[in-house]
Structure formats: structure tokens, C-alpha cells
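Here subunit A shows up in two complexes: once beside subunit B, once beside subunit C.
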Partner chain A sequence: MKPAPTLSSAFLHPVGHSLPEPLVALRKQRGTALVDMPLPTRKTENWKYSSKFLKLTDEMANALPADGKTGSSLAVPGYKVAFLNGVMIPEASEYPDLDGITIQSFDDLSDDEAAELADRLDSTLDNNAVQMARLNSARFEDGLLIRLSPDAVLDQPLFIVHEVTADASGSAFPRIYVDAGRHSQITLVEEYISSGSEPVMVNTVSEFTLADGANVTSIRLNMEGENVQHIGATGVRQQRSSRFESHCVGFGGPLRRHDLQVRLEGEGAECKLNGVVVTQGKQHYDNHTTIEHIAAHCNSEETYRNIAADQSHAIFNGRIHIHQDAQKSNADMNNKNLLLSNGAEIDTKPELEIYADDVKCAHGATIGQLDEASLFYLVSRGIARREANVLLTMAFINELVEQIPVAAVRETAQTRLNQFFDQTFEEA
Partner chain B sequence: MATTDKEVNELIKREYEHGFVTDIEADTFEPGLNEDVIARLSGIKKEPEWMLEWRLKAYRRWLEMEEPDWAHVGYPKIDYNSISYYSAPKRKEDMPQSLDEVDPELLKTYEKLGIPLHEREKLAGVAVDAVFDSVSVATTFKEPLAKAGVIFCSISEAIQDYPELVKKYLGSVVPAGDNFFAGLNSAVFSDGTFVYVPKGVRCPMELSTYFRINAANTGQFERTLIIAEDSSYVSYLEGCTAPMRDENQLHAAVVELVALDDAQIKYSTVQNWYPGDEEGKGGIFNFVTKRGACIGKNSKISWTQVETGSAVTWKYPSCVLRGENSVGEFYSVALTNNYQQADTGTKMIHMGKNTSSTIISKGISAGKSSNAYRGLVKFGPGAEGARNFTQCDSLLIGDRCGAHTFPYIESKNKSAIVEHEATTSKVSDEQMFLCRQRGIEPEQAVSMIVNGFCKEVFKELPMEFAVEAGKLLEVSLEGSVG
Partner chain C sequence: MLSIKNLHASVEDKEILKGINLEIKAGEVHAIMGPNGSGKSTLSQVLAGNEAFEVTSGEITLNGENLLDLETEERAREGIFLAFQYPVEIPGVSNLQFLRTAVNAMRTHRGEPEMNAAEFMKLAKEVSKQVDLDPAFLKRGVNEGFSGGEKKRNEIMQALLLQPKLAILDETDSGLDIDALQVVSNGVNALRAEDRAILMVTHYQRLLNHIVPDYVHVLAGGKIVKSGGRELALELEERGYGWLGIKDEETADSSANGSGN
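And then the complex of A and B:
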């Protein structure tokens, strides 16, 4: 048998963007652990459908330059932090000094603060399950640390715009860490965009820790170009009665991968995970979510919708794990998929792993096409077939789009969706 | 409901009823596996050259395969060289021609198991091909079957008498290289059942095999091949028990079903292998590959299983739906108690137009056991208008057991529709209260609730089996909840 290919050592040399010493040391240590790391293959269970879309060339080990112009497709109505190729650009960022809230680039941390952060980085993720995102810990050049003191409330959404400039082949490793104190509140938007057309990889890690009663809403918008392989991981740890809400809206690419892991560690914690994925052409999108019910009396609710057109491929893998003493857990997972073309493929695997008896768990999954009877109904009432297709397809995901609490994100998503409809449904 | 804890414990401790050893002289191979052993096995069975070749080829392939480790089960590593690959009851001169000639010890064994052949013969009209360890001991009801043109015999006889059929279909559904355990079975299968139903024939009675592992240190590797020609129908039942022993025993069977145009095969299993004692010691490792191919148009294969035994179960009865409008069904009740582990489910591979499949799986876990449903529903590009409905429900009894669901759903055809739903629940206090309030004892109440939970599957079983299955559940479950 052929030995599995390993990660090229070229990827393990961080470029010397200045970072506080403790973080440099951490990066080095993480890098050492990745020497000869086997790359996922078809036999790697959690990369089963995606491994062949992962195409890493040695050129992609290069770092992308951290200077240049930035631009965002979003008209930002709130606060803004701009990242270019994984490095924060203070000139393009706009946010006021706020009471009880610090927003800092890793670069600006004192050695003590950096040491404290270094201890906490990666603590929210099951690193074995997100093998490719581990690369981020060995390579990140900068990052954003957001700290909310107890009871601090961010009054407007914070937009973190991650842009990559793909004028040459390379990779970027954006990273954020959000530490939400007791009863603090924040809504943040991570937007991923790109320019240029060379093949690049964006490898992201976002981590959230929620103290008792904290309330965090995270919105993730994936809008990079056809040349960008995106591998992202988000880790969340929730203490007592905290609430985490996630809205992911993703458009496909050569490879889009997002791992979302939530750990409900304190009683009464609650999470809600929504996701919309739209793929077309030969695009590929792979969402993996894990919800760990560790404490008793926690609730989780998960709804993901995939739409795959043309020859594209969309994957959903949701896992709910109820630990032995997590009695009175409520978990509900729902995944519906719409196949718009015969060349397209949908794979879904909603998993339950349950070790406690007094729980309510349910999951449902469907795959199908647009309902012929509904189409006929609309057409028979004088609505053009194309229009009817658009209406029904939009209806399939509208429930989730509507729930996104930031209007600017809804509008951006809608514009992009309209493009998708134009390309997918022909004028009759 | 702590008051009933004592009763509960007593009932949990109820021992395995079928755990007796039949002391009869047996021809048993020395433990170990190599090409010589296979040649000797083949020689004893007077197999033709091609069969030996087939086995050896499978063996060589098997040597290069790795034991799968993806299932949600854990067990000590099996040493394949410490197993004896052949054990047959010694027989006097010739094979018995009728039941009267069968060794009375054997008949007693069957009686203890609750399947007196005579009774079955007369009352139930079931023909039993009883496999005792590795050789088919007696086959009843051969004549009326022969009249209908149905061939129902041991696979060894079939290799002698119907080599063309065996050659054509053996390994056509489960090839020797399919998986590790199927490979092992292909190399060393000792006996099993062969059924052939000719064109247009509706098999006049339920066919049945009773498997039983008797001798210590032997593995049981039976092989079943059922072929239903155009427009035929057959219903086949299989039941399994094994005696109590401290060491683990391996059971690696392969079942292949072939359904041609308009044919229907119904395959029912009640599996009650020895599950190990309450500390998890001993018990059968049940690693079975079962697959049916709906080759013909409008054909149908239906699997029904009630799994209450075995220490470790690894079993996925599957349907490959090739023919247009073919139908696959899977109804399963899997119950685990104490330290039992089960990883079971099905695969429905839709290749043909308008194929449809239904999966109803009920998992019940009690004690410290672990029960997983693992299923695959796959629509190929040609599965125009295909349809699947899957429902898998789990019932947890006690707070130290696990219930898991791993459904894989893959679709490459837009007109195919799949619906999957799963729920997990426990016997609720409200349900118990309702029953208790009406004067029903807790044990009976639990049994009632569990039987209700499994009803959808039980109604698919043939009558006699449904009764047996209900009883089995009761025995395995009574007292698991207070």
C-alpha cells in the first residue's frame, strides 16, 4: 500500500511577521508537532468526501504579502476591523474606545497578555478532528483578540473583514479569539473575501469562550473567489446559561471546509447553529459541526440547508454527542438539501452519539429536488417557470436568511443569491 | 422507582437459557489457518477442484486485508490462528435419511432450544435445515419442496449437485474481496444453506435454518446463498443460539441473495447468540456480511432482524437495487444489555430507476451496553425517481448505556428523494405511571412499552418468529428499568 502523503515541510516555516515572544514560541511548538503530518485521504473519515479537493502546492506554502489595498463588499454599518492576508490593517479599521471592551491585534499585546493568550489558544478545538486547521496554529502571523469585561455590551455589530490578495500563490492564516465575560454581549461578522486569481489557501481559526450568561452572535460569510481553498475551524466553549448563535452563509469554491465545534460545559447553556450553503459549477463545500453536550440541562438547535447546482458537491456532517451525565439535554438537528441538477451531489451524515438516558434528541435529513406540484401550482397561476423556480429555491433557505440579525449581511447574501439564481435558472 | 431495584437486579441476573453444551463426539480440526487447513477442509467435503481454487484465492486475498476498526465497538484482538476451522458431529457411516436416524442427543438439543423438529414439521409446516456446528445435520421436508421444484439443501451438497448454479452466483453479491470477514468466510466456510426457487414458483412453505455453535474454540462460518428466479417467492427464516463459554467465539457468516425479475425474497433472522455474562465475559463475536442483489425488474428483497444476542455485533444486511422498480426493505430490532455492543444497520444502494427502499430500525440499549445504527443510503446517477424513507429510533434504559446513529446519505440524482429521521427517548415516567396506575406490574409495563416500540418490526416477522422474538425481548429486558 502506498504511504499516505504528508504535509510538505515548506508549510511549517512561519514568516517573521513580528509577534510577541510567547506567541512565537507557541507557533514553533505547534509546528514541531506537525512534522510529517499525514494529509487527509479518502480513508480519513472526516475528510472522506473532500480529500481529493485539497490541492496543496509548495508555492502555496508562501505567505501572502501583508500590504496593499483593502476593500469590502459590505457597506459596514457598525464597527470594522480589516485584515489583509491574515494581518490586521489598523488604518482600514474603525472602532471607538469602548468601556469594558478591548479589541487588539495580537501584535499589540504585551508579553504578559500574549503569554496568557498563548495558554488559551486552541483550547476550544478538538485538534485531532480539525487536522488541517492545526496548520493555522503553526503559521498565524497576526490575529484579533476581543475581550469583553463582565456586563459589557457591544452596541453595534463588529465586522471583521478578512481579505486575501491572490496575486501570487500562497496562504493566509487569519485568526481571532473572543473572550466574552459574564453577561457580556457581542455580535460579530466574519467576512471572507478575495481578489486576484492565483491558487491560494485561506486557513482560519476562530475561537470563542463564553463565561456565565454571555451572549454571542457570530455570523460567517464566505464569499471568496474560485481560486481560494478555504479551510476554517471555529471552536466555542460555553459556561452556565450562556448563549451562542451562529449563522454561516457560504458560497462554494474549489474547496470550502468549515468545522464548527461547540462545547456546552455549563448547565443551561444554549446554542443555535444555522447554515446555508450554495454551490454551483464544479464547486465543493463541506460543513462539519460537532455539538458536545457535556453539562446537564443544555439545549442545542441546528439547522443547515444545502443547495447544489450543476456539477457541484455539498456535504453536511453534523454530530451531536451527549455525554454520560448530560441529563435533560435537548438536541435537535435538521439538514435539508436541494439538488438542482443531476450532475450535482449531496452527502449528509447527521450523527447522534448518546450516553445519557433522560434526553430528547432528534435529527432529520432530506435530499430532494423542487417539488413538481408546487412548481405547477405557481406556473398555473401565471408565474413564469423561471420565477417559480427562484421563488421556491429562495423559500427553501429564506427561513434561515431571515434569521440573520444584521441587515447588511442579509443584503449582501441576497445579492449573491440573485446572481446564483440568474446563472442557474434560465429564462424560459 | 427505587423500590423495585431488588426485583430488577434479580431479573437482570437471569441467566442465558440456551447455555448448555451438547456432549457429542465431534471431528474437530486443530486450531490454525493455512492453505493446508483449507485444502483438508475442502477434501473432507469432497469438493471439486474449482471450489478449492476459489477458497485459496479468497484466502490469499484475505491475508492482505486489514481487520476493519471503524465500527463503534471494542473487543480484544482476535488471533485467527487459535481458532479451529472445522467441527462436525461424528456420524455413523451414512447421513441419516430421516429424522428417526438422527443422533437422539442432537434432537434433544433442538428440543431444549424449543424447536422440536417433529412439531415444526407437523404443526408449523416449516422445513428446517439445522446446521449443528458446521455440517447440515438433517433436512426435513425435502420432498414436498422437490415437488415444487425448489432446491433446499446444504451448500456442500449444492456444490456437488448443482455446481453450475453455485459457480454462477457464489460470490456474485459478496465477492471474496469485499471485506475482511467476508474474505475469511470465503476461504473457510464450512457449510450453510442453498436455496434455489425456479421461475414462477411460490415456495410452498417457510424455509428455516437453525444455527448453533457448539464445540469450544470453533468459529462458525456458514454461507447462505438464495436465488429466486423470475416471478418466484421465498421466505427464509434463520435463528441462532450458542452455548455459554468464558472465551469469545467468532461467527463470520456470509449471506447472498439474488432476486431476478419480479422475484421476492423475504429473509428473517432471530439472533440470540450467547451475549456474554453480566461482567461482559465471553460471548459471540458476530461479524456477518449479508447482502441481497435485486437484479431483476420489480424484484424485492426484505430483511427483518431481531438481534438480542452476541457480545459484539457487526452486521449490515444490505440491498443493491439494480433492477427498475426494485424494492429493498430493512426492519430491525437490536437490543443490547450488560456489556453487549452492537454496530448494525443497513445499506441501500439505489442504481436503477424508480427503486425504493424503507428502513425501520429500533435500537434498545440497557445496562452498560452500546448500540449503534450505521446505515448508508446511496443514489447513483441512474437512480431516476428513486425513493428512500429511513426511520431509526433509539430507546435508552438506564443511564450507563449508549445509543448512537451514524447515517450516511449520498445522492447523485436530483429526482431521488430521501427522508431520514431519528429520535432518541427513554421509557418515560409518564408512561410507567399510566401503566402502574392501572395495576400493571413494572416489569410487564416495561415489556409492554418496549413491545409497542418494536411493533412496526415485529409485524414483519412470520407468526412463529414474532412470538419467539417477543419472548426473547421480554427475557433480555425484564427488570432493566425500575
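And then the complex of A and C:
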């Protein structure tokens, strides 16, 4: 048997960007472990549809410049932190000093703080299942640490805008760690955008730890260009009675991959995971989610919708694992898919593994096209066919878009959706 | 206004309409009755332009214009309105959004300015009262979770909003209790006008007590086999279809007929 390919040496040389010593040490240690890491191939179950789109050429190992102008779409209301090619840009960031809340770039941490963080990085993700997160751990150049003291409440959403400038090939490795203390509360928006047109990779890891009763809303908006491979991972660990809400809205690219792993470790914890994916052209989008029900009395609710037009391909793989002691778990997973063309493909796979005997667990997955009877009904009222298509496609995801609790995100998503409709549905 | 000549139509290569001839003038109300499977619903769907039905020969003109050349939405803008026998539920599209989009499509076609949300809301509330629908329905998904009667009232509400030239009512009375029938009938009677024609397709005579037609036609085996005045409906009620030499084929054609609904 041919051995699985491994990373080329270009990805293994040390990263130049300086950071506090404990983080440099961590990076180095993770880098050493990359040497034998087998890369995903089509025989790797969780990458079988996507491995062929993963382009890890030597050029991709180049660092992208960490200075330069950030784009204009950063004009968002509220608090914001700007990252350019994985490095925080303080002069483009704006947030007040807040009681009980610290927002710091990794670069700004003291050695003690960095040592504490280094101990905790990678603790939320199962790195065997999320191979590519390991590359980030070896190569991140900067990152954002957000710490909320007990009872601290962030009064407005915090926008973290990750821009990648693709004027030359290379990669960026954005990293976020959110430590939400007891009964703290935060709404966080991660927006991923790009400029330039050379092929680049964005490899992200975002980690969230929620102490008892913490309440975190995470919104993720994938808006990068057609030249950007995006391979992201989000790991979440939840203690007793905490609540995590995730809203992912993503538009396709040559490769978009997001792994979302949630561990419900304390009784009464609950998570709600919503996702909307829209693909067109030859785009490819792959969502893998895992919910680990570890403690009893936890709730999870997951709703993902994929819309695929033209020859694009969308994948949803949703795993729910209910551990033996997780009695009275309540898990509900729903994935609906809409194919807008005969050439589009959607693959969906619910995976349920249940070891407790007193649980409620529901799952459903459907794949369909726009309903002819509904279309006929709309056009029979004089509504143009294009408009009817838009109404029905929007109806498919409306419920999820409306649930996004930040108006600016809904508007940004709607603007991008309107572009998609213009490109997908012809004028009569 | 509407002229149908020797209309033949098929669904999945099965001929349902086998030579329909019908003339309807502005201001008239016509009723088409007939047993199940006679082609009543097919005729409604063909008039509205449902592509599941293929017109194999014959012609349909509306005020002299060839209807068969027009897409469904163009027919609607020219004034054809079909009240569906089974209105479709469309969760995720609010009734209000649907109705306003439709009304504005018509207004744009007529060269009138679009109505803004506030103007339309006012109009929609008035019309919903006319068919006794709680304005709260406007915020729900199109027909979503509506009872049968509510769906039918929503159809009539749409007719009142869109002010068609020809309103085709496909079994609008089916499934209605007597109160709802009264509301729906009042709505339809409010539509009667000198410049508008109404074509009612119905299985039962009951509706015709509330909406009195000028002409009644009996459709059987894909053809109009008898036409007359209002008294024909009463005679059918009394004597059934047998005296016309028609068997009420409860099952024979109903699957093909039902597929278009």
C-alpha cells in the first residue's frame, strides 16, 4: 500500500513571526508532530468528498504580509477587532476598556498569560478528527484571546474581521480563544473576507470554553473570494447549564471546510447550531459537526440548510454521540438541502451513536428541488418566475437567517444572497 | 371575453379534454358541473397555464389574444385568476409578502406605481375583513396551517386584491361549512362586475344557490354535453347525471384529473 502523503517540508520550517515564548514553544512542539501527519485523502472518511480540493503546494506555505491596508467592508457598527492575514491590526480595531472583559492579541500577552493559554490551546478539539487544526497550531502567527470574568456581559456584539490579502500565494492561520467565565455573556461575529486573486489558504481554529451558566453566541460569516481555500475548525466545551448558540452562514469557494465540535460536559448545558450554506459555479462546501453529549440533561438542537446551484457540491455530516452517562439527553438534528440545478450535488450524512438508554434523539435529512406546485401557485398570481424562484429559495432559509441575532450580519448575508439570486435565476 | 374552441388537452399522454367549446362574455357568470373525472379541474389548470397539461389542439383567446402563447404569469397579468381547489402551503414566504409581490407585479404591468408596505398593509387589512380572515393571517406563511375554509377565503381575498378580468373558481365550495360558504359567496358576488367574467367549476349545486350563474354547462368525458340556464343545475341536483347518459365515474379518471391539483 502506498503510504499516505504528508506535508511538504515547506510547511515544516519554523514560523518567523514572534510571539511570547510559551506560545513559540507550543508552536514548535506542534510543528514537530506534523512531520508524520498523514494528509487527508479520498480514503479518509471525513475528507472523502473534499480531499481532492485541498491544495497544499509549497507556495501555500508562504506567510502573507502582516501589514497593509484593511478593506472597506470592515465598517461595522459596534466593537471590532481587525485581523489581516492572521495578525491583529490594533489601529483598525476598536473596543473600549470593559469591566471584567479582556480582549488581547496573543502578541500582547505576558509570559504567564501566554503559558496559561498554551496549556489550554487545542483542548476543545479532537485533533484526530480535525486533522487540519493541527496545522494551525503549528503555524499561527497571532491570535485573539478573549476572557470574560464571572458575570461579565459584553453589551454589544464583537466583530472579529479576518481579512486575507491574496496578492501572492500563501496562507493565514487565524486563531481565537474565548474563555467565558461563570454566567458571563458574549456575542461574537467572525467574518472572513478576502482581497486579491492569487490562490491562498485560510486555516482557522476558534475555541470556546464556557463555564457554568455562560452564554455565548457565535456567528460565523464566510465571504471569502473564489481563490481562497478555507479550512476552519471550531471547538466548544460547555460546563453546567451553559448555552452556546452558533450561526454559520457560508458562501462557497474552491474549498470551504468547517468542523464544529461541541462537548456538553456539564449537566443542563445546551447548544443550538444553525447553518446556511450557499454554493454555485464549481464551488465546494463541506460542513462536519459533532455534538458530544457527555453529561445528563443536556439539549442540542441543530439545523443546517444547504443550497447548491450550477455544478457545485455541498456536504453535511452531522454526528451526535450520546455517552453512557448522558441520560435524559435531548438531541434534535435536521438537515434540509435544496438542489437548484441538475448538475449540483449534495451529500448528507447524519451519524448517531447512542450509549444511554433514556434519551430523546431525532434526526432528519431531505434533499429536494424547488416545488413545482408552489412555483405554479406563485406565477399564477402574476409574480415573475425569477421572483417566484427567489421567494421559494429564500423561504428555504428564511427561518435561519431571521434567527441571526445581529442585524448587520443579516444585512450582509442578504446582500450576498441577492447577488447569488441574480447570478442563479435569469430574468424572464 | 373568453373563447375556447375545440380544446384538446392531455396529461402524460392521456387525453382528458376532448374538444371543449365555450364562449364567456364580460359580466357573465358561468358554472361548469360534472361528475368526478370529467375534466373540470383540468380545464381550470389549462386556462391558468399549468405546464403539466399539454394542449394538443384547439384555441383559447382572451379578448382576442391567444392565451396559449402566454406563460402562466403573463396570463395572470392579462387578467386570468384561478382560485385553486387545493391552495398550496408555502412556509417561509409570508402571506403579506406574497400578496404584495403579486399586487405590485400587476400594478407594474399596468404602468401603475408599486404600493409600499404601509399602503399595502392598509389595503390588505380591509380586504381580509371582507372575507372574514383575521389580519394576523397576513403574517403567517402562505396558507401555512390554514384550515380548508381559511385557504378558500384566502383565494377569494387574492381575487379581490388582484381584480382579474376572468376569475376561475375551482371547487371553491368544497370543504366549506355553511358559514364559510356564505363568506366565500359574498366575496365572489362582490367580484361580479360588468367588465368581469366568472367561471365556477363545481361538483355540487349548493354553491349556485349563493352565486347565481347565468349559464350552466355539463362537462362529461372531456366535452361539454349540455348547456342551459340556472334551471339545469337544479335539474341535475334532482335527477343526477344519469338522465344525460353519463355515469358518475367516481374513480375512472380521477387519478389523472387529480394530478394537476
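Assume the second predicted complex is superposed on the first by the 422 of 428 C-alpha atoms of A that agree within 3 Å, B and C clash if a C-alpha of one lies under 4 Å from a C-alpha of the other, contacts with A are read in each partner's own complex, and residues count from 1 in each chain.
FYI, contacts are C-beta pairs under 8 Å (C-beta built on N, C-alpha and C of every residue); 3 or more make two chains touch, one makes a residue touch a chain.
No experiment lies behind these values; they were computed from the predicted model shown.
Chemist: Determine, for the superposed arrangement built on subunit A, whether subunit B and subunit C clash or fit.
Modeler: fit
Chemist: Quick one: is A:367 in contact with subunit B, with subunit C, with both, or with neither? Answer first, second, both or neither.
Modeler: Touch partner of A:367: subunit B, not subunit C.
Chemist: Answer with first, second, both or neither: which of subunit B and subunit C does A:384 touch in the superposed model?
Modeler: So A:384 only meets subunit C here.
Chemist: Count the residues of subunit A touched by subunit B and by subunit C, then name the partner with the higher count.
Modeler: So, of the two partners, B touches more residues of subunit A.
Chemist: What is the angle, as a multiple of 10 degrees, that the CA centres of subunit B and subunit C span when seen from the CA centre of subunit A?
Modeler: Spelled out: centre of subunit A as vertex, angle of 70 degrees.
Chemist: Which partner does A:339 reach: the first (subunit B), the second (subunit C), both, or neither?
Modeler: In the superposed model, A:339 contacts subunit B only, not subunit C.
Chemist: In the superposed arrangement, does A:347 touch subunit B (first), subunit C (second), both or neither?
Modeler: first
Chemist: Does subunit B (first) or subunit C (second) touch A:356, or do both, or does neither?
Modeler: first
Chemist: What is the minimum C-alpha distance, in Å, between subunit B and subunit C after the two complexes are superposed on chain A?
Modeler: Between subunit B and subunit C, the minimum C-alpha distance equals 14 Å.
Chemist: Please write out, lowest number first, the residues of subunit A touched by both subunit B and subunit C across the two complexes.
Modeler: After superposing on chain A, no subunit A residue contacts both subunit B and subunit C.
Chemist: What residues of subunit A sit close enough to touch subunit C in their complex?
Modeler: 371-374, 376-385, 387-388, 391-392, 394-399, 428
Chemist: Quick one: which bits of subunit A touch subunit B in the complex? Just the residue numbers, please.
Modeler: 45, 324, 327, 337, 339-369
Chemist: Flag every residue of subunit B that touches subunit A in the complex, lowest number first.
Modeler: 70, 379, 381, 394, 396-426
Chemist: For subunit C, which residues count as touching subunit A in their complex?
Modeler: 48-52, 71-73, 75-77, 81-82, 84, 87-88, 90-93, 97-98, 101-102, 105-106, 109, 141-142, 158, 162
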